[in-house]
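Pasting a structure below so you can have a look.
All chains are identified by letter, namely A, B, C and D, in their written order; residue positions are counted from 1 within each chain.
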Amino acid sequence: MINKIVPSAAAAVADIHDGATVMIGGFGTAGMPSELIDALIDRGARELTIVNNNAGNGDIGLAALLKARRVRKIVCSFPRQTDSHVFDALYRAGEIELELVPQGNLAERIRAAGAGIGAFFTPTGFGTLLADGKETRVIDGRNFVLEFPIHADFALIKALRGDRWGNLVYRKTARNFGPIMAAAAKCAIAQVREIVNLGDLDPEAVVTPGIYIQRVIEIPLATRVAAAPGAAA
Amino acid sequence: MNRFSREQMAARVARDIPNAAYVNLGIGLPTMVANHLPKDREVILHTENGLLGMGPAPAPGEADPDLINAGKQPVTALPGASYFHHADSFAMMRGGHLDCCVLGAFQVSVAGDLANWHTGGKDAIPAVGGAMDLAIGARSVYVMMEHQTKSGESKIVADCTYPVTGLACVNRIYTDLAVIDVTPVGLVAIDIVPGLSFAELARLTGVPLRDGTTVADAA
Amino acid sequence: MINKIVPSAAAAVADIHDGATVMIGGFGTAGMPSELIDALIDRGARELTIVNNNAGNGDIGLAALLKARRVRKIVCSFPRQTDSHVFDALYRAGEIELELVPQGNLAERIRAAGAGIGAFFTPTGFGTLLADGKETRVIDGRNFVLEFPIHADFALIKALRGDRWGNLVYRKTARNFGPIMAAAAKCAIAQVREIVNLGDLDPEAVVTPGIYIQRVIEIPLATRVAAAPGAAA
Amino acid sequence: MNRFSREQMAARVARDIPNAAYVNLGIGLPTMVANHLPKDREVILHTENGLLGMGPAPAPGEADPDLINAGKQPVTALPGASYFHHADSFAMMRGGHLDCCVLGAFQVSVAGDLANWHTGGKDAIPAVGGAMDLAIGARSVYVMMEHQTKSGESKIVADCTYPVTGLACVNRIYTDLAVIDVTPVGLVAIDIVPGLSFAELARLTGVPLRDGTTVADAA
């Protein structure tokens, strides 16, 4: 029998090693797998390369991982936000490397890794600082830049529901990078609000087929909210 | 000097968006355009974080943290909306399927080069987001910005001094002083704030500018 | 108001012109938009370039279009089938041009057209006859072939349900090429079994967002079956 | 000469597919493997026309023309199945996510080159389908074929004389005479039909072949 369900967030991230490339889903906090990130902080892996759209918000989730000095490099499109003070301080101190990628190229490079594409010509970024030194080509009279896939060792993503095969459905705009990161990583770990029985997800509406997911951990919606006062007590 | 207000600018942009258009409104000033879309038009809004058919801000207390726009503000979804992942969302943009996007800018050049992502300052932390994809992806790229910097320099320039977002991508510029088309023969003012002469506008703009307002009247 | 619903298949295809490139959905007969193809035959456009996975089955649908000598060239992955006699005869007589494309490259080239990708490096076909004369490159020690997008003037596809904005859901493996062809064509025309009210389709389960669809025509399942005896009478 | 039957070949392949594997079974002989998968293993079948979690053929009268496999035969979908479009399906294959595919072949070379799509004959109409994607996409590519042509020539060759489907892509060959691994040091027979000596197999194969059966016994 196939059973990708793991008993705890700690178990889910137990083999994330120093120096790993880890994709983390989410657009801001929508779709951010906070409990998996917390488990990764507890796990203690260092010198990580993180791929995310942003570079952390406030002091929780990805920001907490940065604050704990576990991240050597971040690949993202939009680090600077009103509440990205953790990243901002590390960056200004020269203590974190930044690879800035236009958001669509970031998404397409992640997609290319999962789809077995070796490289692709994109019009985005042509003639800008972010294409400096990159190969370009004119195709049908239009300018393109050659971009390469971004692969990862692990992906941490958040979905709404999953089953023991790893099939996933998401919730609203929290879907964002989850499906493509799952496919781009050797080991994709999904936290879901609810684990359902095999066959409960409509096969027409499954967004991430289970083939892309190696581990599923159930984190009910109430857990985090309920845990906060307890942790403070 | 008389100036278009931000609301007037937003209303003017909204007037130029036809029924049935697929539109992406950038962060900041462009977001205001949504409030001015004529009620008799059905315009479908795209937000690059994976939603087509975006609705207005939710009623107080009804914000859903999983339903946000590219500026990470809570929004709603209209009947007929659809969700998709980031690669699909940017394929939609890059593939030329959006009729129009409206963006803020630091500068626009006479060739339609756009600078809106980075001041290039040494201590500035760069952030690009989806700006470069929007600049090259939409069929029409409209820019909304103040005509001049706070120190009175024209933001419409011969060549961008800020790092560019995209080359030759802007089709029309809406400022607090005028509406200016970027055309193969250069910049053409098609609308000027009441009380400002074309000659004065041209002087303030500081780059070659044609008067398209009289032509428009004659047509 | 937006209303992409058209009253008849004839109206839906009325502007398909001589020499047009037309993508036709379907894998064999699953997902083949037979009524739209019949309308295209009636329309009479000639010298068409057709993009489809196959080259027609039996004597109906795409095979009938071929039989009516409307097709100058076909781009497909699998023309030869047990019931492809119409294509076989035209091909052997030198009366139709064939561009044979590995199925995954066909799908990815169609996807690239809709996604604004200028070209991409694929491992599929490297070292084979079907990559003869094409640019190749070694990336990370692996061999790739450069492939270009396939754009179309029109796409004719079949879906299960649609609404007035053009949102579509499909049925089982009849989904196949529909979503990517819709995005690759300037004008995508969908025949659906049922038109539903705006808002009836679950936004989490919409497969083709309406932005990709220009026209929707309702062809209930019963029509074709019921029409056959009538036509014979 | 004793030969493995087609059923025996299919059973032998099935034995080598582990629990939890994602597998694509090609058209023809490989399809039979599905009937021999051990009941205590859960193996998930992919069909390139857009289904993961494919089940067996439907009961008589229950065929659904919208639910078919790559050979266009009616199939079913198991609980846990999912449907996707063609670009997503081939991304799954090309991206190396399938553990294994099983394909028929005209020829396999000592380097693991595969020829299975075209005889190259002047009057043959070429058709490739998903063969080239499967050949380069799956982590392990298993070939099932008769060891010899009808005229007695080995189908395992120094170099393919038929047009190739993919280069250096085959990992293991299942024939009616043997099971042969394609390894960096050459072909290694790991199983031989009872009654056939390795020397005789090597002679019939006609290309350099190592005996891996005794090594396996010793291990």
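In this text, contacts are C-beta pairs under 8 Å (C-beta built on N, C-alpha and C of every residue); 3 or more make two chains touch, one makes a residue touch a chain.
What you are looking at is a predicted structure, and each value in this text was computed from that prediction instead of being measured.
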More contacts between chains, A-B or B-C: A-B
Distance between chain centroids, defined by C-alpha means - chain B, chain C (Å): 35
Averaged-CA centre spacing for the pair chain D and chain C, given as whole angstrom: 30
Rounded Å distance between chain B and chain D, as computed from the means of their C-alpha atoms: 55
Sites on chain B at which at least two other chains make contact: 77, 83-84, 91, 93-94, 137
Multi-chain contact sites of chain A, meaning residues that touch two or more partners: 108, 111, 115-117, 122-123, 170-172, 204, 207
Chain contact graph, described as a line, ring, star, complete graph or other shape: other
Chains grouped in pairs wherever the two touch, ordered by label: A-B, A-C, A-D, B-C, C-D
Footprint of chain A on chain C - complex, ascending: 108, 112, 115-123, 137, 139-140, 142, 144, 148, 169-172, 202, 204-205, 207
Parts of chain B lying in touch with chain A, wherever the complex brings them together: 47-51, 64-68, 72, 77, 83-87, 89-91, 93-94, 118, 123, 125-133, 136-137, 163-167
Chain A partner contacts - residues on chain D that touch it in the complex: 19-20, 22, 42, 44, 46, 52-53, 77, 79-84, 91-98, 137
Sites on chain C touched by chain B in the complex: 1-2, 111, 113-117, 163-165, 167, 183, 198-199, 201, 203-204, 206, 209-212
Footprint of chain B on chain A - complex, ascending: 27-31, 53, 77-81, 87-88, 91-92, 98, 100-108, 110-111, 122-130, 143, 170-180, 207
